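Two complexes, one shared chain (chain A), two partners (chain B, chain C).
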Partner chain A sequence: MSGAADEAIAETVAPVPARANRNPIAARVGLPLLVSAGLLVLWHVAVRVSGSDLFPTPADVLLGVVELARKGLLLKYIVASLFRVTVGFGLAVLLGVPLGLLLGWFQRLFYAFNPMIQILRPISPIAWIPVAILWFGVDDRAPVFLIFLASVFPITVSAMAAVQNIQPVYIRAARNFGLSRLDLFRRVIFPATLPQVLTGIRIALGVAWLVVVAAEMIAVNSGLGYLIIDARNAGKRYDLVVAGMVMIGLIGLALDLLVRQLERFDEVRWGYSR
Partner chain B sequence: MGAPAVEIRDLWMSFPGKAGGGPVHVLERVSMSVERGEFVCIVGPSGCGKSTLLNLVAGFLEQSRGQVLVDGKPVHGPDPHRIFVFQENGIFPWLTVRDNICFGIAPGNPRRGEILAHYVDMVGLTGFEGAYPRELSGGMRQRVEIARALAADPAIIYMDEPFGALDFLTRLKMRTDLIRIWQAERKTILFVTHDIEEAVQLADRVLVMSRRPATIQEIVPVTLPRPRDLDSPDYLAARDRIFACMGLSVKVGATEPASPA
Partner chain C sequence: MSLRKTVVLSSIAWVILITALHTALNLNLFRSSRKSEKTFKVGFLPVTCHLTCPVNHYIQKHLKGEGGFEPIRFNGWPELKEAFLSQYTEATFILAPMAMKLREEGIPIKIVYLGHRDGTALMVHKESGIFRIEDLRGKKVAVPNRFSNQRLLLFKVLKERGLSFKDIDLVEMPPPDMPAALYSRAVDAISSGEPFMGQTELDGYGRILYLTKDVWPGFISCVLAVRDDVIAKDRPKIQALVDGIASSGVWLDKTMDNRMQAAQFVSQHYYNQNPRLLEFVLSKPPDRVKYTNLNVRRPDFEEIQKLGLEAGILDGKAGFDDYADASFVKDSATVEAFKFTDPESVQQGRGRGVIK
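Let's turn to the complex of A and B:
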């Protein structure tokens, strides 16, 4: 049956649009660098023209980063923020994924718990800050709790929706092959929902990173959020404020790229290419 | 010869209607049987309930009235001895061709590798064991599903318009291959299609269903030897008889014969 082989070869070699092929590296690396450089120049000129002595130029910010690094604060604060995100977000994944899968599978559980989830979900984690301080005081547990709250809802809801969206044909095929309940979950439901669960995890990680900064401004005295508020309060050091902001942006980008790498695995790639 | 492979006795099926309307009667008084090793096709106008019938026989749905017997025993739910091949392609996109085909083989089966190789070869996918479904064409995906069904070693295979989404040439080739596989494996096959030509090319017997509420309107035996000559007068006669049953003319553009609409 060589026909099948020919057919496959013809279809696995995807046609490349002629336009996308022109200087792909130059366009994909060069253009963003060009735009960034342009914006930095614009920023520099704007500060000089306005004559502001508080708002830093890009060069001031770079010096600020170097100063923080020399003092050993940069690494310390980054580690502090990442630690809180890791714990809070990790707990949210551990609870949210199984909870979402259960709620998606058992209709009665869904009826029972979904309204409560939908009411809690739109409450900004920022609104929980006073409560967190009341419960945990001013230590690591408060921001960890806030990050957990911020990420557990997107994770739960996406896992729940993922189960509800499974193509019925997969469930019927699995039942046809006589799978036990455990095997049905292990061999069909879990892999079938994984792409959408992973998307929920990626969104939640973005939210977690937003929330850690806000939480650190109020509830603790370390981390990138604390750096920003402290630099502002102790001497209007706006070079350090913006340095903190830049670090937050760069680390947020790195986290997102990291999770996006997971989406390239063959076990989940099928879920994104439609 | 014992009980038939599949026997349907006075089967009725209705679904609860939309708000305001009464129940929708889909099947009425359907009775039929399929012998062991037989290839039976069910044809009928679209929406007549032939897929519903197959889903009832497979145990995915519960009938309103009547009985479905497999080997003389009533059917309650699906079973690995009767594998369903789905119209919308039910192979798992997160598994490779190899893992899909092995899905229904018991993990401890010492002949696993042997069975896999046998069916990969039979459906012509040698060299593609490590590929994922998204890398395959529609025809190849349907071959994977057929191989997955065969590898579970069922006595009966139910096929619900399995080639419906394929292009014309691929469909012709899949029919030839299916007949070759069926002749080698001698499974009982119950095959639903709306394509009359397909039914006459494949089946030992063609069951023609009426419009809704559907019942078996006529049984057309096709005794032509295989491989079938699609120009032979007997082939054309069988085909035209089914066309006539369904109230259709063979000549495109001709006035339709008067039918009680």
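Let's turn to the complex of A and C:
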């Protein structure tokens, strides 16, 4: 468990701070742009060479995005998807973090609930769609529920692992100082687990955004996932399908960059510089 | 600023911002969901088999100021069925054998009217060597659902030529994915409701192996179904819906101009498709799909049920009187078309050269 969690940290935390200073900003911005441009050209050429009539070129996709923006649908759909992810993911954080910390601290609770969590965790949100419709109908609540389900387990598990991985010396020292239970939690456990909890939250945010398409397969009438499903129904509008994919990708990138900003705070950064 | 302060403040600001935006931009969503507690919801898919649902809604809205019901568009059969089972929709357009199957399984569902007649094709790739039903042997054929009438139709035509499902490779696939699957030749033949079949023809890679009207005249794929308790509680609303569908059907079949008007407003306001798709399948040929003669008749359903039993998807636990209620049907001779012309659609149709 702890090994996996450490790996997850190592994987998601790029060693930016140490090396960043040596690389000029031009390289950090220029290189990814260069790679993207190269891939776009490759995509264009591949479509042309294969002579595909159905698969759109990057230019077709751009026109599709422009068309959506002109109709006012782009902003509408982005807002709808972000709203559902905000609510579903927000609920997952509010429930998952305390739950994970509790399960990590109290061994018996862990024994009691961990198997159930591990059973529920691998079930894909797509499998929950029928249940979500039966429970919530087809308005905003059903996709929110699916997004909540997808993100609550990674958060809970990482918080649980974070508590279990605390170095015993911290706890012993705190006990020697005679800290009360509440203080122990506030001044030792919470700060000690914060970096790892945040990593879990970051992974979960990625997952939450990932399932937006599946969640919006239900008959909601807005959202980027809906855009993709709707474009499939609309006959030969694969440009809009890819436009939806591109928008989801770009917003995912923005979300990730945003959450990474949290790692700049001292309260978190110490956890990564081991 | 400290971490805690930053996170708390920015989270609150973000939640307020996104909620406000969502409310402002998608407000109609909230409004309709609040109002919808009282409205009568009817589920449908963006296919021509369900065309009378949006046509009826649009015409009623323009004649009376309100549609009389709320059409809810779904994107696939499972979601449509589940919304009906969870009592989210009061009535729904649904595959006839699926409605029968649900009745066998004890769901209080009743077929009260038909949605259309004909309107299905079996398409093969233009360059394939499939020219007769017999050529399908060993080929991969996609149908929408195991309870679809397209599957029963295929069962019927295979049987008539001494073949069976064992001789072909049958796969289930959502209709919207079928054109791309045929284009890339991931499957050899596809069969579902229009406009997805017409689309392959329109885009130049599909060829018709058969149209339903040629192999099973009067073919029924989708029906209007309601729950028993809705019949007991909301009889007048169901009657109004059935009458509206009947009048819409007669309106659609009365003139080609009416069909072309429907192609415009349905594409734009309900299906979100390119109008040329509906223009094509509603006119080439004109009897590709029909919207008259929609009465619930015992022999039609007993024929479907017999095939369903042979194909092994039904078990015969429910009879015609269990799964159908013909009491909403009026004599066809008395059904009159809506007196309706939509100036906007006529103008668009003229612009597109489909209305003179």
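Methods note: the second predicted complex is superposed on the first by the 247 of 274 C-alpha atoms of A that agree within 3 Å, B and C clash if a C-alpha of one lies under 4 Å from a C-alpha of the other, contacts with A are read in each partner's own complex, and residues count from 1 in each chain.
Keep this in mind: contacts are C-beta pairs under 8 Å (C-beta built on N, C-alpha and C of every residue); 3 or more make two chains touch, one makes a residue touch a chain.
A quick note: this is a predicted structure, and the numbers were derived from the prediction, not measured.
A.B. asks: Applying the touch criterion given at the start, work out whether A:Val211 contacts chain B, chain C, both or neither, answering first, second, both or neither.
C.D. replies: neither
A.B. asks: One more residue to check, A:Gly90. First (chain B), second (chain C), both or neither?
C.D. replies: second
A.B. asks: Output check: A:Val268 vs chain B and chain C. Expected answer is one of first, second, both, neither. What do you get?
C.D. replies: In the superposed model, A:Val268 contacts both chain B and chain C.
A.B. asks: In the superposed arrangement, which partner chain does A:Val163 touch: chain B (first), chain C (second), both, or neither?
C.D. replies: neither
A.B. asks: Name the contact category of A:Val152: first (chain B only), second (chain C only), both, or neither.
C.D. replies: neither
A.B. asks: Have a look at where A:Ile129 lands relative to chain B and chain C in the superposition and call it first, second, both or neither.
C.D. replies: second
A.B. asks: Counting touched residues of chain A, say whether chain B or chain C comes out ahead.
C.D. replies: Counting residues of chain A touched by each partner, the higher count goes to C.
A.B. asks: Just to be sure I read the superposition right, which of the two partners does A:Leu101 touch: chain B = first, chain C = second, or both, or neither?
C.D. replies: Neither partner.
A.B. asks: Quick one: classify A:Val47 as touching chain B (first), chain C (second), both or neither.
C.D. replies: In the superposed model, A:Val47 contacts neither chain B nor chain C.
A.B. asks: Is there a shared patch on chain A that both chain B and chain C touch, and which residues make it up?
C.D. replies: Chain A residues touching both partners: 266-268.
A.B. asks: With touch defined as at the start, can you tell me which chain A residues reach chain B in the complex?
C.D. replies: Where chain A meets chain B, its residues are 1, 3-5, 7-8, 11-12, 167, 169-170, 172-173, 175-178, 187-188, 191-192, 194, 266-271, 273.
A.B. asks: Any idea which chain B residues touch chain A in the complex?
C.D. replies: Against chain A, the touching part of chain B is residues 58, 60, 77-80, 82-84, 86, 88-95, 103-104, 123-125, 127-128, 131-137, 139-140, 143, 152, 170, 173, 177.
A.B. asks: Show me the residue ranges of chain C that touch chain A in the complex, using the header's touch definition.
C.D. replies: 2-3, 6-7, 11, 14-15, 18-19, 21-22, 25-26, 29, 33, 46, 72-76, 78-80, 82-83, 85-86, 88, 174, 176-177, 179-180, 183-184, 195-196, 199, 203, 205, 271-274, 277
A.B. asks: Which stretch or stretches of chain A touch chain C in the complex?
C.D. replies: Counting only chain A, the residues touching chain C are 53-54, 75-76, 79-80, 82-83, 86, 90, 129-130, 133-135, 137-140, 217-222, 229-230, 232-238, 262, 265-268.
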